[in-house]
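Each of the two complexes below includes subunit A, the first together with subunit B, the second together with subunit C.
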Partner chain A sequence: MPSIELVNVTKTFNDGKVLAVDNISLKIDDGDYVFLLGPTGCGKTTTLRMIAGLENPTKGKVLIGGKDVEGIPPEDRDMGFIFQHFEIFDHLTVWENVTFGLEMRGYNDDYIIEEAEKALNKVGLLDYVDEYPSIFGNPGLQKLGIARAIATGAKILIMDEPLGSLDPKVSKVFRHELRNLIKDLGLTAIHVTHNQEEALAIADKIIIMRSGQILQMGTPYELYENPNSIFVANFLGETNFLQGFVLKLLEDNKMNIWIRLGGPKIECINFNNKFNLDDNIVISFRYEDVYLFPLDYDFEGSPYDWTNMQNFRADLEASRFIGATKRFYLKLDNGDRFLSIKPGNFEESFTIGEEIIVGIHLNDIHVFKTPENLFNELSLT
Partner chain B sequence: MKKKNIELIETENSLPISLKIDKFFSKPVYRKSLDAITLIFFILVIIGPIINIFSTIFLNIPAIKNDVFNDDLIGNLQWKNILRSLGYSFSIAGIAVGIDIVIALPISIILARYNFRGKNILDALVDLPMAVPTSALGFSVLLFWGIFGIEPGFSLIIFGHVVFTFPYIVRNMKIVLEKVDTLYEDAARTLGAPGLTVFRTITLPMMKEGIIAGGILAFTRSLGETGATIILSGLVETAPIMIVGFRRQLELPSASLLAGILISISLILLFSIKILTRKTGFPIKSVWPRIERIFSHKYFRFFRDVMALSILFVIILVPAFYITTQIIGEDFVEELFLGQDYKWAYLYVSFINSIQIGALAVVINLIFGIPFAFIITKRKWGKVITFLDIILDIPIAIPSAALGFATFMFWGPIGLGVFQSGFYMILFVHIAFTFPYMVRPIIGVLESSNKGVEEAARTLGASNLTVFRRITLPNIKQGIIAGCIMVFTRSLGETGATIVVMGNIRTVPVLIVDWVESNAFPSAVFASVIVIVFSAILIFALRTVTKNGGS
Partner chain C sequence: MVRIELKNISKSFRRFKALKNISLEIKDKEYFIILGPTGAGKTTLLKIVTGLIKPDSGDIIFNGKKVTDKTSGERNLGFMFENYALFPHMNVVKNISYSGRVHARDSTQTQTLVEQVLMMTLLTGRNDAFPEELSGGMKQRVALCRALLNLEQTKLLILDEPLKALDAGLRMSLRRELLQMAKSKELNLTVIHVTNDEQEAMMVADRIAIMNEGKLIQIGTPHEIYYHPNNLFVANFMSEINYFEGICIKNKEPTWDIHKKSKQGDMFFAQIHEDSVPMPLDLGFEDMYAAFVREDIYHDINHGDEVLLVVRANHFKIRLGDRVKEKKNALLGKIIRRKFMGVFYRFEVLININGKKKIIVVTIPATSEVHNSFVENSEVTIYFPKELGIVFKHPGKEIINEIFKLE
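After this line comes the complex of A and B, so read on.
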């Protein structure tokens, strides 16, 4: 039962001067494909390395299959590890790379051959057994890295930015192959990345980390639809933020807010926090959740149901066609700017500089208390 | 640490024996023991003698006062001699390094930036004097400038020192120059800077570290050199030669004092230069666009290259290898093989000694050098590592004759009494002064080698020692071989340290000095040419190894 559990784990470097991981606890169930997602330096790789035994926690416990693994060196933890920079043994052939882990486990030759061939076959490198890895480009190297890690039969797979060194286009295809492979083998997998799209696309669960702490855990859908902080809202997907204050508290957790400096008044539902009258707040809404209408749009006569839609006016400053999508740059009377994103074939033709009606569904607006340093919360580090 | 409470994989027992041994010795206790043994070796062989020399001075203050400052007959004449020898040594080293840098700047540009037929040969020729025993080089320089009637003395010593210190400077400059990204220079040129200005304001500052590193190395080599200096000195006595003299006449207190002074000055120089280099602004910041544009013209560049190459040949390469032309027509056969004193037998025995000592020094430094390099690169001991890293260079910085004498005083009859002068004492000294030459290249490859593959191997189930054997060692092989060749050539070429502790044993460089001093020129020529050819083969091997390492 290879579940992984971290209990109050802290890791410091340089005699406590650098706090890499700050008292985190998490549990990864058997067979889950979990992502550790966060900006560079958030402690996700350190967390991973502690699970693999390449670093020791300063405080706290790492439990694997329910057992404390303190003092057990990485070679005895029986995990597969995939590295961002592959770390393929250049001086060994493809075959020697893949059989390395099997050999270390003392298996007999027949078993080694069988398992190595199986692993190489899975990644499609069986034809290259006698070659040296230098013939491969990055995708080939990473395939070899994967084959090497899974050949040992380890039931836990640990991946540190496994797609980070691949060309973006290649990595988009590759990530689905990776997920299929992991699910086929029934592995418990942890995947570290700073690429939010990658995490959303293939994760069972995502753990978002920042400054050594865990901000939020959940399925990709949960996190995307209900971020618990400005940072998470900003980090996942493309999000607009506007500042304002609470104008009026309504029933059913609803409230009226007023965008700052005489901006529009909007109704929203409070998902996360308790608010008081006059609290300074930040609202967030996704680019793709912003609807655009011409000024003379007939809401009553429309075939769609527009109840709960929050409408206000904005100037269209610019629009940009980017192939699959079109981006609309909008500006409120108070000078605040935000974006809307539409499919590339979006027909509605507005003229630049025109005033239009913007609509956002009540449930798509998230409200947060204004933090002390909003700029810091909105930076992606 | 808590007891392991996770079950190891069931197949543990079926591990092959080699992996089992690896696993057993990968326990931290063995690693710590090896670290401890390595550090004890380092302290005993390298640090001990040096500390001992200072305590010897301290304990012998009355004797030193008597001999050096207050002699019944000559008063403080000895002290004046010591001061004069130090003055000679430092001015020779300073002038030689100055000349080296001036010649090396254009040559390093030619070697790093130009492509022409025969570049490899020129590169090898420039490296070669580093590998050849200095006494052979000194003898060759003596013969060459003898044609023009230049007698042994101060200027001939400088000629000699320029020859054998030049490679250290040009190599270091070339290496940094190859590392400097030419895009910076391109950027400066697109901004309107002429070639000379670009070099002065962009390239030169980036080369600073290399120039200084080479400069230090060359300076210390010049300061400590004995073999060539004896041959070229005439009546001039440099400090290392004076130590050799004191040792021969058994004026041990005086020798201790001088060795102590030399060691102190070298250490102060080493540390202060290491600290100062970080702060010095190197080039003159102001520019003279019009004048510099004129001097950047291709005719001037051509002129500069031709001049530099001519000087390189006339001052360094031809004097260094002039001796090979002397073997033809010399009647060494009669003197060497038919003489009553069996010179060929001496040569044979010395040659065997040289090779044995070199080979043993390689083996022992290999045994302790690899763990030491691992300590420096892998252990996280903070300041201790910084300290070890600095004192590792001490044997390079201090004159080998002084180190040899310190070792003699520590291990010899006067000190611990473990060894008498002779083979093993020579071996000990050679181990001491070549140790950094083994460790530095290994540190170099270890630092540039990818630690990720080692971690990968561990996650695949390899114990520490298995990782070392199967993954690390193949990756750092080149550095180790380079270190071995460096140690061997340095050991083969050493004179000063050997003379101080050799007793009746002779090595080839010492034999050459002996024969030159006793005017057995033909035999000396023969011996010199043999070691030059031998060294050329070694340098060729070194270059092949390091070149493959680069790919």
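After this line comes the complex of A and C, so read on.
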């Protein structure tokens, strides 16, 4: 079974001067579609290359299907490769592109024909066998790449920015098709990208890397709802950050915090009683978790339960319709700015410049200790 | 003041027709987006505005004066192209003020201006850095500073895919910065910005011009283009859509409420907005469907005509169980795939039209209720409000295939 495991893997270049991957361990289950995500230079491509056998770890082990693959070359690891610039042979037909690898492996003709047909049928390209790849756009080329991989028996797909060269519009539609194809074929897939939105949209699991280390791994839902660091909260999805300090510790693992420079006082959860009085903290909350109410909203008379909703006032500076969503730009008295997003057909009658009430649910506020250099943590690199 | 008119612009490169008879007007202080897929002719059009290439025919008019034969330098624009074109051997200040010197202003004036734009773009303190020491976002802002310094007289800023090379997160924050800068009281610019990213277009544009294959397809505000696209291409370009093939029914004048009792052959006629009219449709299901359409589209389609009903993935609503009888414009289906995407959940819902299976994509805001209840294999009712259905005359199978082909 093609599960993939990395055990304490380190990779250095230039005689140890450059630390590309710093003692990482991870496990990818059979049939999972996993993303390695992180800013440029985080070590994601090096990690991918070690799994593929294109690089050897300096320290640590790579296990595929439970077996140490040290010394096994890429072509014997049952993997298919899909890169941004597809290594498709332009001078060969679709059929020849798929059969080429099989012929190189010395299979007999009957077997080659059967496997090539099966593979092309599975990706929906059987009608194009006599065409040259030049008739395809990028999505077609990727399907051809997948057909070529599965024809040779690949159970693992290694993909490095496979959607990187597509028009945004094409990529947004094709990525779902790519995911469905990979899931339907039952492949284990590892996909490297720096595009957060793409990872959120199609991954089963995401591994977020930074400076050669793994910051967090889990399902998109887990990472999105419970980021373990300011970096992850900021990197995945769109998040507001406000700085403040702990004003008062309350019962039931709760605390009052005060947003800096005379901002609002907010109640939040003191998870594991991690925070103490006067600690400097950063709170994060998702754009979509920010509710908007007019100043005269009747919370008591409302049919909804607003217990645990933290309310404070803010000025509505601007709003912007962007189709599926509408963005509201808000400003606190202390000058801090944040955003709220609502569905595109959200009905409201706010006027720009108006003061409104902002609500955030207690559970939607994450609290972090203020890092030494907050700007660095929020820089996305 | 800057007002730009393009009149009947055409341009060919050898036999390739890059631009086909484009006419448009850009208003003073407008943030104008030119949007389209790769190869639509966007950059060619931009180069014609800036004077880098000459059109084969047609005129470019700045503030009522013809500039078709003027050189780029004589048009006084600020440019910024995709690759930034910074000089690697010059520091930030030199890169920015280079063009200022070309324009031979006195040096103190240049210096004050440089300091102003650096402050505006949050680059103060980076004066002495060389391009290689800057992040992608900073380089982008340096290039922008340089373009801004060139403006002075015309206040027209030209941006060709200015955010393309950046990380998703950075792109989001810089879009806002760009818009803020363009609309700031000090600058108050007219901007022409080319992009192939519809999200970017919606985020910053006052108006969007959509191009495809050298032609201008539609001009309008983000709202107009999103809710009232001129054709299937525009509808599909702006977000993920579903379409149904159906027939327009226009032979009676009933209201929505009685249609549930009667069968096919009804028509709904109630003026909701001044310019939109309800259009009754037979989509091959048992029930009738209806969507409000623009008046010009209403009059363009006759009883019995084949039509396309387009519903954006995010305009469907979804309920658990069979509630087709309670809802209007409703369909019964089964969730066959679901995916959490952050702000949204994306569902693929399998429906049945007269025995033919069809997959409908539905996206809804991600809440904990959705997370817990709308699981794969659930039976669901999906429905759309009639003001969010978009109707076109059936453009023919070939055009549909052309628009949706991904190969």
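A few remarks follow.
Following the convention adopted for this analysis, the second predicted complex is superposed on the first by the 377 of 381 C-alpha atoms of A that agree within 3 Å, B and C clash if a C-alpha of one lies under 4 Å from a C-alpha of the other, contacts with A are read in each partner's own complex, and residues count from 1 in each chain.
In this text, contacts are C-beta pairs under 8 Å (C-beta built on N, C-alpha and C of every residue); 3 or more make two chains touch, one makes a residue touch a chain.
From a predicted model like this one, the values you see are computed outputs, not experimental measurements.
Shared-chain residue A:Pro2: touches no atom of subunit B or subunit C. Once the two complexes are laid over each other on the shared chain, residue contacts for A:Leu236 go to subunit C alone; subunit B is not touched.
Counting residues of subunit A touched by each partner, subunit B versus subunit C, the larger count belongs to C.
Look at A:Tyr107: by the touch rule set out above, it reaches subunit B but stays clear of subunit C. Applying the stated contact rule after C-alpha superposition, one finds that A:Gly218 touches neither subunit B nor subunit C.
Applying the stated contact rule after C-alpha superposition, one finds that A:Glu177 touches subunit C and leaves subunit B untouched. Of the two partner chains placed by the overlay, only subunit C lies in contact with A:Gly323; subunit B stays clear of it. Of the two partner chains, subunit C is the only one that A:Ile202 touches; subunit B does not reach it. On subunit A, the surface touched by subunit B in one complex and the surface touched by subunit C in the other have no residue in common. Per the touch definition, subunit A reaches subunit B in the complex via residues 15, 52-54, 64-65, 67-81, 83, 85, 87-91, 100-101, 103-108, 145, 148-149, 152, 158. Of all the residues in subunit B, the ones that touch subunit A in their complex are 1-6, 8-9, 11-16, 19, 26, 382, 450, 452-453, 455-464, 466, 470-471, 474-475.
The touching residues of subunit A, when paired with subunit C in their complex, are 39-40, 128, 135-137, 139-140, 143, 167-170, 172-174, 176-177, 179-180, 194-197, 200-202, 219-221, 224, 234-238, 286-288, 320-325, 327, 329, 341, 343-345, 379-381. Residues 37-38, 135, 167-170, 172, 176, 196-199, 202-203, 222-223, 226, 237-240, 312, 314-315, 337, 339-344, 346, 348, 361, 363, 365-366, 371, 388, 406-407 of subunit C are the ones that touch subunit A when the two sit in their complex.
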